[in-house]
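Next come two complexes built around subunit A: one with subunit B, the other with subunit C.
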Partner chain A sequence: MNNFLDLLVGTVTQGLIYALLSYGVYITYRILDFPDLTVDGSFPLGAAVTAVLLTNGLDPYLTLPVAMLVGAAAGLITGLIHVKLGVRDLLAGIITMTGLFSINLQIAGSNMAIDRATDTIFTAAPTMALFGGMSLIYRKLIVSLILAIVFKLILDIYFNTKSGLLLRAVGDNSVLVTTLAKDKGSVKILGLVIANTLVALSGAVVCHEQRAFSSTMGTGQVVFGLATVIIGTTLFKNLGFVKGTTAVMVGSILYKACIQAAISLGLPANLLKLVTAVLFLVILVIGNRQKSGVNSNA
Partner chain B sequence: MLELRNIVKIYNPGTITEMCIFQGFNLTVADGDFLAIVGSNGSGKTSLLNIICGSISVEGGEVLINGENITKMKEFKRYEKIGRVYQNPAMGSCPNLTLLENMSLADNKGKAFGLRKCINKARKDYYREQLSILGLGLEDKLEVKMGALSGGQRQAVALIMSTLTPIDFLILDEHTAALDPKTAEIIMELTDKVIKEKKLTAIMVTHNLRYAVDYGNRLIMMDKGQIVLEKAGAEKEATTVNDVLHIFTEISIECGN
Partner chain C sequence: MKRLISVIAIFAIVLTLAAGCGKSKKPPVIGISQYGEHASLDNCREGFVQGLKDAGLVENEDFVIEYQNAGFDDATATQIAQNFSANNVALMCAIATPAATACFAAAEDKDIPVIFTAITDPVQAKLDKGNITGTSDKLPVDAQLELIRKLQPEAKTIGILYTTSEPNSVSAIGEYQEKGPEYGFTIEGLGVTQQSEVTLAADTLIAKGVDCLSNLTDNNVVGVLPSILEKTNEAGIPVYGSEVEQVKIGCVAAAGIDYFELGRQTGKMVAKILRGEATAAEMPYETISEFNYYINSAALAEMGIDVPAEIAEKAIESGNQ
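Up next is the complex of A and B:
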């Protein structure tokens, strides 16, 4: 029974950490209507930067803002490629993602483990002062929960600022944004920057949690993000008072739970990505079924 | 004042489908004018509006607003002084945002979109007052999503939104064409009311000859990128739908339609 509880706590923690990534995908896919594949590169980028900084003795908390800045730069590059060079949205993301793979290798090599003696955000002194009485897995849960909620609230506030409203308007009707005398390209770039900031943060926290970086950890993260966004928004679409960010957070936890359940039931790890792909297809089709009949543009 | 000088516009230059729509086109619209433009499909009406707004580039000539050359100015920059209502009612607002959010967006045109709260509660009464001009009861639907409103309601809101902040020109691009006859009538009357109340300079492209004759102080008919008929002031007052229709039919017969 204790084992099951540990597994549950671990799964929810995963869901909360990856919810940060899902917020990012929510911004690009749901709000901007931009399928941003940069995620597969900016997620490990955040982890790579964090792994190197932690190993070199930077304060664990400071690794997070640094990773976010680097993620922002990745988003900026995709945005500039798309808006200034006129490359299609999907391709712009693929270009950045591909380039980042090499950059991540340059930063951290193909694999990097963080020494047991090195403190992470889950073991550093301030965290211990607050939650030292708990065992590590509960400390991970509570720190992840705080991060997921803080960034959810920041986003909720941001969406209700003028800048946030303009961001939502671009995905909804970009022609209107132009007639409001605003450059829709700049707004898109801003959205991509914010999104990849969150994605890289998610990668950074995963690095803290796993004490490791791997160059392949980004593979499939876009699909994960899209799936959580679709699960979340489909589940709560009839409950207008549930914010998109909340829905996506729940989606992320549910998705991680499904995968964990599959593994616990004996799914070989080698088949994980295949199951992920099929699961995503099923979610996509169900999401589309529910959408048909409602013309989103009418 | 808006001036178009020697405008040259060629679609697909250098290809087999090359088509020259304007070859030295000139037009001046004075402040306070309400200009109606009619003409058959392909006569260059919408191209003209797109050239004014910068939605398409020109191969030659100049566009001037109040003497300032804006030919090279980006489209979004030009909209600081221009409001536009499109044929498609969906183009004028954001379907997934509420009416209040849409009004707030429009109200912030020309200002910075920073980190202040998007909804200014103090402005709500002003929005209500503006929407009440329409007489459609929309002032009580501020929390409703735009997508839930009818095409006519959305077009009415688009009209209010595009004229909420001070602008030099209002561009109406067949803005009644997608509406049923009764709604079109209401929108057209509202348009006239808004233009008069806010003392706007307006350019309206329409396929409805009666609207072109009944509204505005100036009328031009276009054909193959040229002005083939122009009536202004008292002369326009005296023009009837039949006069315009007569010329319109003549052109159409020449073209073989």
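Up next is the complex of A and C:
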């Protein structure tokens, strides 16, 4: 049973760390209806900045807000390209993502590793003071859980503010926003900024956890994010009281659990992705089971 | 709510079964995490198992292998490493740098020994301290430069393509640039950021009039080697490989390490750890000093290069007849 518990802790931790990214994709894809490909660039951007700051001895906790600010800038650029220069949404994200690949390498030099003597958010003094009695994997779980929940709550509160409601309106009914005499362009930019702030934060935490930045770590993260949003929202479709943020958090954990299940089953390594795809399908089918007819959101 | 419970139940069953399977095995489990399927890395893994056998250990009696590969995906490598850690494997064998980084992070809590192989620069990758050791596949740069000098006595410039984000490639290009002049060569390095740029960069080097190309163990470059060779063959520029697999594809020659040997050396180190004769923490990482000359006679003939007798004697013919 011990094995299972460790496996569960490790898997849930991964899910929670990547849930931060999923919140970002939830905002752009689900709320703004904006397929934002910036993610593949802003995720490693957060990690690159973090790796450099950590090796230069900055306090581990301070690396998080810095990474978030840099991520916000990435979102701002995509937003400006789209809104001010009139470039299509998909293309605006691709442009920023492509540019970020070079910028990330410029920041970090090349792939970077952080040695064990350097403290991360999981080993820094404040963490040790609170959770020092726990083993490292539980500390990773707790810190990731706190981050995932804190940002979930902040988003939940934000979505009910005037600005948050406008954000939701842009995706649902952009004409309404215009009739309210609000500029929907700036609302979109704001959404992209918030989303990429979260994505970069996720990259930063992954860098803390893995003690490494790699230039290719962003590849496929948009797809991951979309999958978690769809899994989460499909599963909780009939449960109106479950917040979207909670749903994507669960979606992210389930995604990581799918991969871990495929690994644990000892399936031929090259079939991993195929098995993961089948597991997704099973989840989506279970999620849709009680629904009759075709759901346009699925 | 019902369907959520059923989804969670499915996972609980799958994970419990998997965890249960791991426990029923009695001999120490060696978890091999390979970054992806790749000829050199596969050779390395096969050599590793052979090394364990050479040391007198019997598979399924003295050790059990659990092999996983991440399909070149960092996040998957992380989860593989966590799986090994949760199943309390006796040690983790990591093939290539990203796999080793992930294993070392996952092993930190339980202090499971990590043995790596096929890493060029363990110091740069911060994998030289702690309960970790292994073997490095540092290129025999001197031998390669000497080989090129002997096969092309008139050559002046060597073109090298490399990925700027690969620390292995960056350190290798540095060594080439430092040692090139000793053999009378100018090194024309050209960096790329991703695989799609490699063939364009090859065109640039050919246009610059380099006398030959020499490869590193750069995955992006080696991955599109056939299309590079198409261009260089047309231009009449020989390409030197960095290991045997590249010579098989059509490079003229290489002074390269044998990845099977590298794996075997790693296997022997692991045997010492399993027997309790040494710990990973106290063993320094090893580099392989032997290398072989590999030649592809067909490719050499096409380029009109004569192989001096001293090389021909030692070289291993690796081209397809």
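The definition used in the following text is that the second predicted complex is superposed on the first by the 264 of 298 C-alpha atoms of A that agree within 3 Å, B and C clash if a C-alpha of one lies under 4 Å from a C-alpha of the other, contacts with A are read in each partner's own complex, and residues count from 1 in each chain.
Definition applied: a contact is a pair of C-beta atoms (placed from the backbone, for glycine too) under 8 Å apart; a residue touches a chain by one contact, two chains touch by 3 or more.
Note that the structure is a prediction, hence the values are computed from the model and not measured.
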{"item": "Partner touching more residues of subunit A, whether subunit B or subunit C", "value": "C"}
{"item": "Which of subunit B and subunit C A:Leu239 touches, first, second, both or neither", "value": "second"}
{"item": "Touching partner for A:Leu8 - first (subunit B), second (subunit C), both, neither", "value": "second"}
{"item": "Partner chain(s) touched by A:Ala277 [first = subunit B, second = subunit C, both, neither]", "value": "neither"}
{"item": "First (subunit B), second (subunit C), both or neither touched by A:Lys182", "value": "first"}
{"item": "Subunit B versus subunit C as contact partner of A:Leu105, first or second or both or neither", "value": "second"}
{"item": "Partner chain(s) touched by A:Leu166 [first = subunit B, second = subunit C, both, neither]", "value": "first"}
{"item": "Which of subunit B and subunit C A:Ala125 touches, first, second, both or neither", "value": "neither"}
{"item": "Residue numbers on subunit A that touch subunit B, as the complex places them", "value": "158, 160-166, 168-169, 172-173, 175-184, 296-298"}
{"item": "Footprint of subunit A on subunit C - complex, ascending", "value": "1, 3-4, 6-7, 10-11, 14-19, 21-23, 34, 37, 66-71, 73-76, 78-80, 82-83, 85-88, 97-98, 101-102, 104-106, 108-109, 124-127, 129-130, 164-167, 170, 193-194"}
{"item": "Sites on subunit A touched by subunit C in the complex", "value": "1-4, 6-11, 14, 18, 101-102, 105, 110-111, 113-117, 135-137, 209-212, 214-217, 219-220, 224, 235-236, 239, 250, 254, 256-257, 259-261, 263-266, 269-270, 272-273, 282-283, 286-287, 289-290"}
{"item": "Subunit B to subunit A touching residues, read off their complex", "value": "74-80, 82-84, 86, 90-97, 101, 104-106, 108-110, 112-119, 147, 162"}
